[in-house]
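As structure tokens, here come the structures.
Heads up, the next two complexes both have chain A, just with different partners, chain B and then chain C.
Entry: the complex of A and B
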């Protein structure tokens, strides 16, 4: 009991630290940028400049919120996929969810002129198609363990959708459609504004709420169906709900931010290193850590140079370096 | 006394009216300008912009357009830079460039543009993009210029004339382009469709140690130029997608079997060598155009004459005169070169001879 209490206490402190760090970074992010100074500006600098006020109010604030939502959604989805599929190598990118969303959004741009509703719907539908496709194909592959089958099927589905997006790029009008499609390939939040945040907020928050509230079921659902059922879970419908929530959250953010890789893969791992492998703890830690990580990367992407650095490049570089450091610092032995 | 007071009261409205009229006569006529840009938007500027930034694809094209106007030279504050050098041409006509300009890295967003506090941002395109929406949200106006369309070019020049407060110069430039376009059109007036040669305009671009051959999009200036010059652009024959530069293989080119091939050579390649290689290549030698000696390098100086840069008018004339020399007997490309750089960029003959001519690495005649 004393051990459990210390573990819970340590976890609560971790969550508090992550939440405070996220809050502090969010506040700092308001004053980080290229204007009125490159880097950190003082509140006086910002409030004393009309353009700075407009920039912060119209672009920077919604971008900060979008970054937090993006990070939380991709990380939570990654945690769900890794737990449910019992596979530490999956995230929305490996299961074709992100690529499906990008393909769906691209199709909407080419066929329907990129109307916001059609882009979101297209992203949502094809993200689910990607997920379903990966799962179904993995069940039909006749060799290898479950992990290998899922990884292979995820690669197949992701590649198919990437190829599809490539074809759409090829066919797109270079003056009217291609610029929008090219945006997906880069991935970034530079065009985020309040209408974008309002569009993705409901779906993302609901999906994250579902994942958060059902996080304790993840431990059960990660077991075999018979075991989970015997412990009181309804594995198939509950698994479906969680997968739909994860796919919906991913689709909602991808249709605004484009494809941002590695977040859903790496952040849950880091969260497990810090909070343990209990999904009840990993999921909230992943959300906070993911939000912090993407926000930090986005701050760098819009501040470092006089041009926007694609967000996906930074999340890949920084995420993998951090992950490598954590892996190499891991001591052998069992964790309680 | 009463009469004087009465006259004073009666003359007050008149005095006010007089003062108002006087103010309007002496008011700065340059206050505020409203333009309709290439994206169909009506953009109102409260005053003539003094600080203009050029961003987007091919930012050097916008800079070259700005430099057509004396005011543009002063008011171009800076531009996006998409390569190691912002533009190889402007230093030839402006000794202060690039030292007096500011440069943004590739893909600047509103965060990166805001520090320059521009009065106006100009960009290329006909569709409002996310950057334009974001800039509008923070109150930085942006104007789109088409540049891929002949008719749109006149519109672009007029837009620049309006925002730079020099509509007369804009009309002068419009007239320059229109004269030459109309001369080409007149020369080809009675041309039958069946007499039009099948033309392949293709870009030769390095891909590692090999080269790729690409054809332009249907909607691009290169295609329009080929049509206006009285040619039949073969790449529009097949069910080509409308996308950008598209790689084509020799099989496809053999299927088209054009009457003439104009190669647009990437700047890092040596045009003479490329031409010699193509002629000597037995695979290409089998093509009708190569056998007939109808394979040429499309001209370029610092920039290609096929681009939506003001140089396109040189490209159009060169192409038409090359396809139909008998229809344009008096055409002299050297003289046209001097006229172009003289009237548009203020270069005298000696400057054209010493700075522009050496950059042309292919035969013009």
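Entry: the complex of A and C
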């Protein structure tokens, strides 16, 4: 028992460290930006400036919350997808959720000229269509176990949506619509104000709560169908609950933020390296790490240049570099 | 555990994986004794694993019925299932590098609700199961890094933590060396002494003869012979089951099957 106590202690310390890091970064983020000056402003400068206070209250704060939600949701969803599909290279791109969102947003841009509400609605609706399509097709595939069937049908649906998005790109007006479309694909939080945060908050929080509460059961549902069944689970409906939660969380944040790639893929990897493979530990670590990572990237995105750097580009660049370093470093900080 | 009433009753069980596909099991009828070890033998594709999955309730018979402790799978309350029957599948590995302890802890799932996580009592049960299997010192090792024998003992330890009345094991000793085979057989013997009903499939008649109280020979989905191993594992029935001529010698009152070129 002593041995298990020690590793649990290590896990608790890790969660504490991650939570403190996130809190500190959040505080920093309030004072980081292009106003009153580029980069980090002193709290006194901000508090002594009415415009800065209003800017922080109505733009920076909601954007910080949106970044945390985006990171936590994508990472938690990635952890769910990777565990359930028993595949470390899977994220919400599987099951057609991200591609569905991209297609929906493109469709709205091409058909309705890209009003923000129509783009978000299109993304939300089609990400759920992607999930539903993957699920329905998987039930008709007569091949492999239920997990393999979902992966296969997810690839089919994702590819169909990608092709559809390609067609829309081809049809789009190259002067007005194509730039909008491309920009949406790059992802970003520049339009996040309180109403946006409040819109996505309920769905995201409920979905994250479901994933958080069922995190131990994820281990069980990652087992083969018969094994999970023999341990008293109903593998298919229980997996569906978790997949729906993961897809809903993804859809909610992606419809506001566009395609922010790599987060759902690498954050669960890093979380597993730090916290171990028990989903009971991977899921909370992923949520905290994801929030931290996206918030940090978004801070850079809105601060580094006078114009925005699309968030999706930053998460991809920083994410891949961090991932590469982690892979090349031998067993960094992980208990083995 | 009453020694007299059967733990599992099969009545005219037939099964095919899809309508129109060939029958995997044909009108199988058998009563599995409670508190005993029964070995299912038969060539590849004879329906052994299918039979285990039917008894588990994962598959539904096309015809006939299966009663486990007097109840059909449909009548068994959902939460009860995992406490009634446990399964140790063949060659099982968790998807990610779960530590052995975390893996064995999964055996506690039948005692936990959808949103519950294992508590101190579950952890103690998992640790006791590891000790019973003699692999407590491996608790913090990733399951993937274990040897074949250690993995198999780990899978059985998971079933021990689950503590079901009936334990189904699919090929628990294939791919194991002689020493590990003995460790597994001794563990199963100890579980039988603790009152468990055990049903295992095996390709090795000598394993069946060493451990089982009953042996059942399956061929093409039919029961060819069933009864105590000393009677069932005879040259005629075994040769008929596997379709090759086999020699059987009795050594110390136990049949020993010899293969030849």
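One rule holds for everything that comes next: the second predicted complex is superposed on the first by the 257 of 336 C-alpha atoms of A that agree within 3 Å, B and C clash if a C-alpha of one lies under 4 Å from a C-alpha of the other, contacts with A are read in each partner's own complex, and residues count from 1 in each chain.
By our rule, a residue touches a chain if its C-beta (ideal position, glycine included) is under 8 Å from a C-beta of that chain, and two chains touch if they have at least 3 such contacts.
If you're wondering where the values come from, they're calculated on a predicted model, not measured in any experiment.
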After superposition on the shared chain, which partner residues are touched by A:232: those of chain B (first), chain C (second), both, or neither?
second
I'd like to know which partner A:240 touches here: chain B for first, chain C for second, both or neither.
neither
Quick one: is A:193 in contact with chain B, with chain C, with both, or with neither? Answer first, second, both or neither.
first
Of the two partner chains, chain B (first) and chain C (second), which one does A:171 touch, if any: first, second, both, or neither?
first
Once chain A of both complexes is superposed, is A:321 in touch with chain B (first), chain C (second), both, or neither?
neither
A:219 contacts which: chain B (first), chain C (second), both, neither?
second
Go through the superposed model and pick first if A:20 touches only chain B, second if only chain C, both, or neither.
neither
Could you pull out which residues of chain A sit against chain B in one structure and against chain C in the other?
none
Could you please specify the touching residues of chain B with respect to chain A in the complex?
80, 103-112, 114-115, 117, 125-127, 129-131, 133-134, 137-140, 148, 217, 219-220, 241-244, 246
Mind pulling up the chain A residues that touch chain B in the complex?
33-36, 38, 50-52, 54-55, 58-60, 169-176, 178-180, 183, 186, 190-191, 193, 302-303, 305-308
Could you pull out which chain C residues touch chain A in their complex?
53, 56-58, 78-79, 81-83, 85-87, 89, 92, 94-99, 101-102, 106-107, 109-110, 112, 114-118, 123-124, 127, 139-140, 142, 162, 168
Touching residues on chain A, where the partner in the complex is chain C
1, 3-4, 7, 83, 86-88, 213-217, 219-220, 222-227, 229-234, 238, 272, 276-278, 280, 336
